[in-house]
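Note that chain A is present in both complexes that follow, paired respectively with chain B and with chain C.
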Partner chain A sequence: MSTTETDYPQAGSAGETLAQRASRLFISVPPEAVLLVVLLAMGGWFWNSSEVFMTTINMRNVLLSVSVLGILAAPSTLLLISGNFDLSIASNAAMCGVAVAMVADNHSTALAIFVAVIAGLLAGALNGLLVSGLGIASIIVTLGTFQAYRGIARLMANGQTIRLRGEIDFITDRIIGIPTQVVLFIIITAITMFIVRYTRFGRAVYAIGSNLVAARLAGIRQRPTVFVLFLVSGVMAALAGLILASQLDAASPNAATGDELKVVAAVILGGASLSGGRGTIIGTLLGVLILGVLQNGLTLLSVTSFWRDVATGTVLIAAVGLDRVRVMLGGQ
Partner chain B sequence: MMSKSLKGLIALLAVIALFVAACGNDDDAADEPAAPAATEAPAAPAATEAPAPTEPPPPPLPEVCQGQDGTGLKVGYGDLTAGIPFVTQVLDNINEVADACNLEIVYADNNLDGETALENARTFVLQDVDGVIEFQIDAGIEAALCEELRSEKPDLPVIAIDIAHPSCALFFGADNGYAGELAGEALGQWAQENWNCEVDLIVTMESFVVGQVNIDRANGMVRGISNVCSDLAYGDFENWAPEVSDSIVTRINGGGTTDGAFPLVLDTFTANSSARILVVSLNDDMGLAALAASNELGIADNVAIASQGADATIHEEIRDNPNYIGSTGYFPESYGTYVVPAIIKMINGISVPDPLFVDHVLISADNIDEFYPAG
Partner chain C sequence: MEGQPDPGPLRVAGRGLRKSFGGIEVLHGVDLEAVGGRVLALLGENGAGKSTAVKILAGDYRRDGGEILVNGEPVIIRSPRDASDLGIRVIYQEFSDAPDLTVSENLSLGNLPRNRLGLVDWAAMRRDAEAILDELGITLDPKAIVGSLRVAERQILEIARALAGDARMLILDEPTSALTIEETQTLFSFIRQLKAQGAAVIYITHRLDEVEEIADDVLVFRDGYVVAEGPRSSFTRHDMAEAMVGAKLDETVASLHADHAEPGQPMLELSGVTLEPFFENVDLTVRSGEIVALFGRLGCGSMELAESVFGLKRLDSGEMTVAGVEGQVRSPTAAARRGVGFVPVDRKEEGLLTVLSVAENLSVASWSLLTRMGLLSPKASLKVYERWQDRLAIRGTRGARQVVSTLSGGNQQKVVLGRWLERDSKLLVMAEPTRGVDVGARAEIYRVLRGFADEGLAILVVSSDIEEVLRISDRIMVMSRGVVVAEHPAGGVDRAQLVREAAASHYEAAATGG
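And now, the complex of A and B:
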């Protein structure tokens, strides 16, 4: 996401005012820097307002709270860069969570995890087939499966919350004191970042989202690429479902309700474009952290949920608006 | 010009309409009283004529019907929504009791939406139901809903579950304030016995969107604690607001779900990690979130929880976890035993007390096996 110096006015001209220099700096920094400033400013304010905020345990809480959102947001970023959505991802997570709890009730935990992952994979494959095979718009396909998967979860659980009998040890354990779900979140984010930046597959995803015709002419196979993205999305949904069930020791068919929109919010906040071709994993990571820190900080300050909703919406619009201003200034 | 496909579609619709009409005729025929079996049998010589066969007496109604036979009656049931444990148990029991009492139930899912409930009411009227059991969330549309339900039959009997519909319906459901007090008092007694009422924080896990039911339950639970531990700084909690000033009461809007409430209660506990905390929860799912958060932070010994609902998901904790004090039973699995006989009585012109309340009981480790035997 770096920009070349020739894109922007050169620094150091003698008659340049402070405002002009600030403006130049503002438009020359990558969008992630703006998000980082927003995150640090928020963190600083909460640190100043709550003595608990900057404690190890609270930082762990923030990461615990955002890890599911982050795991769902990583494949969603790739999908959005390619010009696609997966609105069914949270419903799929709930379905897989219910599957793991039901199977773990009577069978081994390993089998339960296997079944959940297969369920997530199949759900992702169905989305992928309908989008890349039949050419139906992903927003329509996943709007349908968003409802269908939630319905299947409710049918499976008969609308009930199911307590988790088997221990999903590898998720409830800690690795050098860090909850495994946080480690998984970090690993998945790192792998996705590597794929996006350093692989042909990552470049193909950008190419498909930027200009589909050009991508085809360049020999990029759009359909298999999009299909794989939906498969990955399905597996990540299964993992999120496993984490939710394990963390809460219970699986509800209503789990993660509304998380699909939080995922989209985090990805958009991270700088991805709804029309595809633009977005970064770093940006999404910062978007996820901004949403998580905001919720955590406001809860620590005992701010009511009504104001939390207002603040979250405002930060989303402000951050995206700020980036838009930066792009507009840069275009002048 | 009519396209070929449009013509085909019309033809298909015509065939379907004819088929449906034909099925309707069959049903009508089936509804006709059956001719006596004797007239269908070939005539037999008078000397050997057997005594005229009589229809076997109908099996006696089970006790749950309270002597009310719903044969030939049709009642609409507007279900709150699919997918919520409490609501599923209500639906299952209504169907079970209706079956036992020979009552036909016409089901419609209100989908947590007033507009959908109105549409369903129109469907009930179209289907000429004899009564309606309405379980819908939007108290604001109750007048419009009642008007719709009674548009064809001005005296149509209606029972409203949990949300009052004073324009037309008998109220059945929870006495939320009392149910809350039951759980709160039990928690207060536990705090008195174990902490000598030295409590630093009272967390109420709520769902603000539910409105009055949330307020009644949450305030009832805090009132219950205050009945036992009267010297704590409760503030003006009775005058409900999202934030209770000058009070140790902190309200958390957890949205009613375990995963929604978890991060909020985790953060609240973190900010008060050395405190002695009492948690009262609007439902069991959010009680589970408080439990998970206290375990996550390793402060389970400093947190005591009571909730509302006594769903199956929480039975194990009530049995085995000394810090999960109990949960007020609403017995959704028995709602049908109240409303099904009641609606048949109303249709038959028999008076039913209004309001009709569930008999709430606090389910604790001491009595859980009496209500929900283990195993």
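And now, the complex of A and C:
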């Protein structure tokens, strides 16, 4: 009898129709499966409409273009699951890129990476302190640092793009034929997936996002957990800044402008809930790939950037809406 | 309340109401009738169909069969709006108020008084609110933000809102689950007032003592059927309980404290603890193997005392010893480490990791112990579930992976309780352990608590439910106005005396304390 409390009113009566069977299947599959179908359908369509789409070089381009987004999206997923936002990541990335360009000079790659990581850590630590120390809502804190870090980047660079005087070989290298940034993207995604599923830290992130008070009453320490999430987010932003700078051999204080919202879009597309507690790394990965493939495919079809934006926004809302329908039909 | 003379008492009747969810019929053709000037009590365990029946009358559900008659005329109720237009209003357990607005704004929600310019007339709104509150004898500040009110105050506000909306039939869904004795009495006097004005009242509850006090008629649901009905005077308490459960009542429940081992080492010792303005100079000892109840009304300070034991509040002065270790508990994390478990009052807001699975909710307090080489295997949580599922009789539909918020109230409470049993707590602090829990699950929770006490767990229950306190405790401490005013061994006190002590001492404390 207890099921009567949880069941939603459903249309129809006995005797299952085809539509009902379809809806049952629809609600029983995980949301990631829906995303995978969307991704494959999109890919299939582009493959059919463009000769270039399914070539090695184009696939490599897709991966190159999504890897920065993907590296940023991994910590953002954890943050969103915990009920927090980091809107400052893209600004932070630009700031770290500029910092690298200023010191890189003729010094070693190691120093450049070191500088970037320290800058990113500091920026993340400031976010984390304000959020978990002072208890200011993360969306407010990072809305502030989103502006401030971008401003600092422009101040440091004096508004100019700075050429890298030394080569950051590490980033432009390839590992068994795959560009380093793609390898990093894959490794980071895999590690995050592991952390989420197999560590106490990962589970604590879900617990905090699901119900902060209840998590605290169950002995979970919220502040250190959220602080660490912001630190990680800062380091990932630094890595993104490093990659962006090395791609162009120059650091622009305007780099990655607007990427914070693309990251949020990818994470939400991947099924994470704005109210926390829900979300998966696999979902985010699919979200990142869907956005990347969409951009790439539409570009190949010579769709103008204005229409590409319209399409991206539509896909985001459609995918989240589809999931909403699934939940309304009784899915979990 | 419409002002026009009525032809006779209002009669709202459902005939042969049927409802199915997902192809399964949960209401099998039920008749019920609420009559103006009378209180109809709907009894039944969770899932018995009483809420479904009421939701059909209220327009929340569409019926699959049957009809609804108002004064003999068939009516169409398709939405809560339709029901509301007929004067039928429901007060659910979940609040439907706007927590960020004030009491007076909430009272005129959707019907804001406006001045000649069409702008909100704040003065009129305040006057209206004061008039409504005065008429009902409610002492709430119209300027108070609703979210800052206590649960009980919000409940009363909900009722006031329905009354202000000219309801002719009021449906109350377990309205007293969060109320104190005194507030319950206040509510009952509203209900009597409503009755006198000719309104029909449907009162859904688990509490048999309330039925005896307020109901004129009784209707008992079980498994989607009406299994007993009639005037209240034709039922004994035992009859009602038996009709609800459908079998002979568990005899052991009434005498849970009768035979068990002597209490052992003290697990909690408080001596002269004070936290202004909540409680003062409280001495309290809970021994291993013992269930101690701290009985008192809402606001008596017992809740804050419980919170300080779990490290949520810091004492001003006094000594605290937990499991033989002296010193205050500084945080929930420290409390867990020192062997204290805590089951909070508000399960949904404070107890459950709502969107996570049953298994994770059971294991969350023990994650630090389940971690091996820095890793927490998902299998560890599943094992925890397997360990407790049978022992706590956790009944869900999807096993370990079911999202915890889709369990019934009783099963949710078992999960929060099980979390601390898994952690191997030495001392368990429970606030209102069976609020919003149906009769069957309540008995199971009591049985589990007694079982663990017999195995050496020390349990401190903070409760305002007299039945509960009498049923499970080895010792009862009565608290009022932050002071422990009486202490009784099990069986050494009756209901009337407890009520007197919790209330009478209130005035004594006021008189002596100034």
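The criterion applied here is as follows: the second predicted complex is superposed on the first by the 312 of 332 C-alpha atoms of A that agree within 3 Å, B and C clash if a C-alpha of one lies under 4 Å from a C-alpha of the other, contacts with A are read in each partner's own complex, and residues count from 1 in each chain.
Keep this in mind: a residue touches a chain if its C-beta (ideal position, glycine included) is under 8 Å from a C-beta of that chain, and two chains touch if they have at least 3 such contacts.
Note that the structure is a prediction, hence the values are computed from the model and not measured.
**Q** Once chain A of both complexes is superposed, is A:T257 in touch with chain B (first), chain C (second), both, or neither?
**A** Only chain B is touched by A:T257; chain C is not.
**Q** Which partner chains sit in contact with A:T299 here, chain B, chain C, both or neither? Use first/second/both/neither.
**A** A:T299 sits against chain B, while chain C stays out of touch.
**Q** For A:D249, using the defined touch cut-off, is the partner it touches chain B, chain C, both, or neither? Pick first, second, both or neither.
**A** first
**Q** Just chain B (first), just chain C (second), both, or neither: which does A:I188 touch?
**A** Neither partner.
**Q** Which partner chains sit in contact with A:L39 here, chain B, chain C, both or neither? Use first/second/both/neither.
**A** Neither partner.
**Q** Once the structures are superposed on A, label A:I57 by its partner contacts, choosing first (chain B), second (chain C), both or neither.
**A** So A:I57 only meets chain B here.
**Q** Once the two structures are superposed, pull the chain A residues common to the chain B and chain C interfaces.
**A** The answer is that chain A has no such residue.
**Q** Provide the residue numbers of chain B that touch chain A in the complex, in ascending order.
**A** Per the touch definition, chain B meets chain A at residues 82-85, 87-88, 208, 242-243, 250-253, 257-260, 262-264, 266-268, 270-271, 273, 284-285, 288-289, 291-292, 296-297, 311-313, 316.
**Q** Name, in rising order, each residue of chain A that touches chain C in their complex.
**A** Residues in contact with chain C: 1-10, 13-14, 197-200, 202-204, 206-207, 210-211, 213-221, 273, 277-278, 330, 332.
**Q** Under the definition above, what is the set of chain C residues touching chain A in their complex?
**A** 20-24, 26, 46-49, 51-52, 61-62, 223-224, 310, 312, 332-333, 335-337, 342, 344, 349-356, 360, 364-365, 367-368, 371, 374-378, 395-397, 403, 406-408, 411, 419
**Q** Taking the touch rule as given, give the residues of chain A at its contact with chain B in the complex, in rising order.
**A** Residues 50, 52, 55, 57-58, 61, 64-65, 150-151, 154, 158-163, 244, 247-250, 252-257, 295-296, 299-300, 302, 304-306 of chain A touch chain B in their complex.
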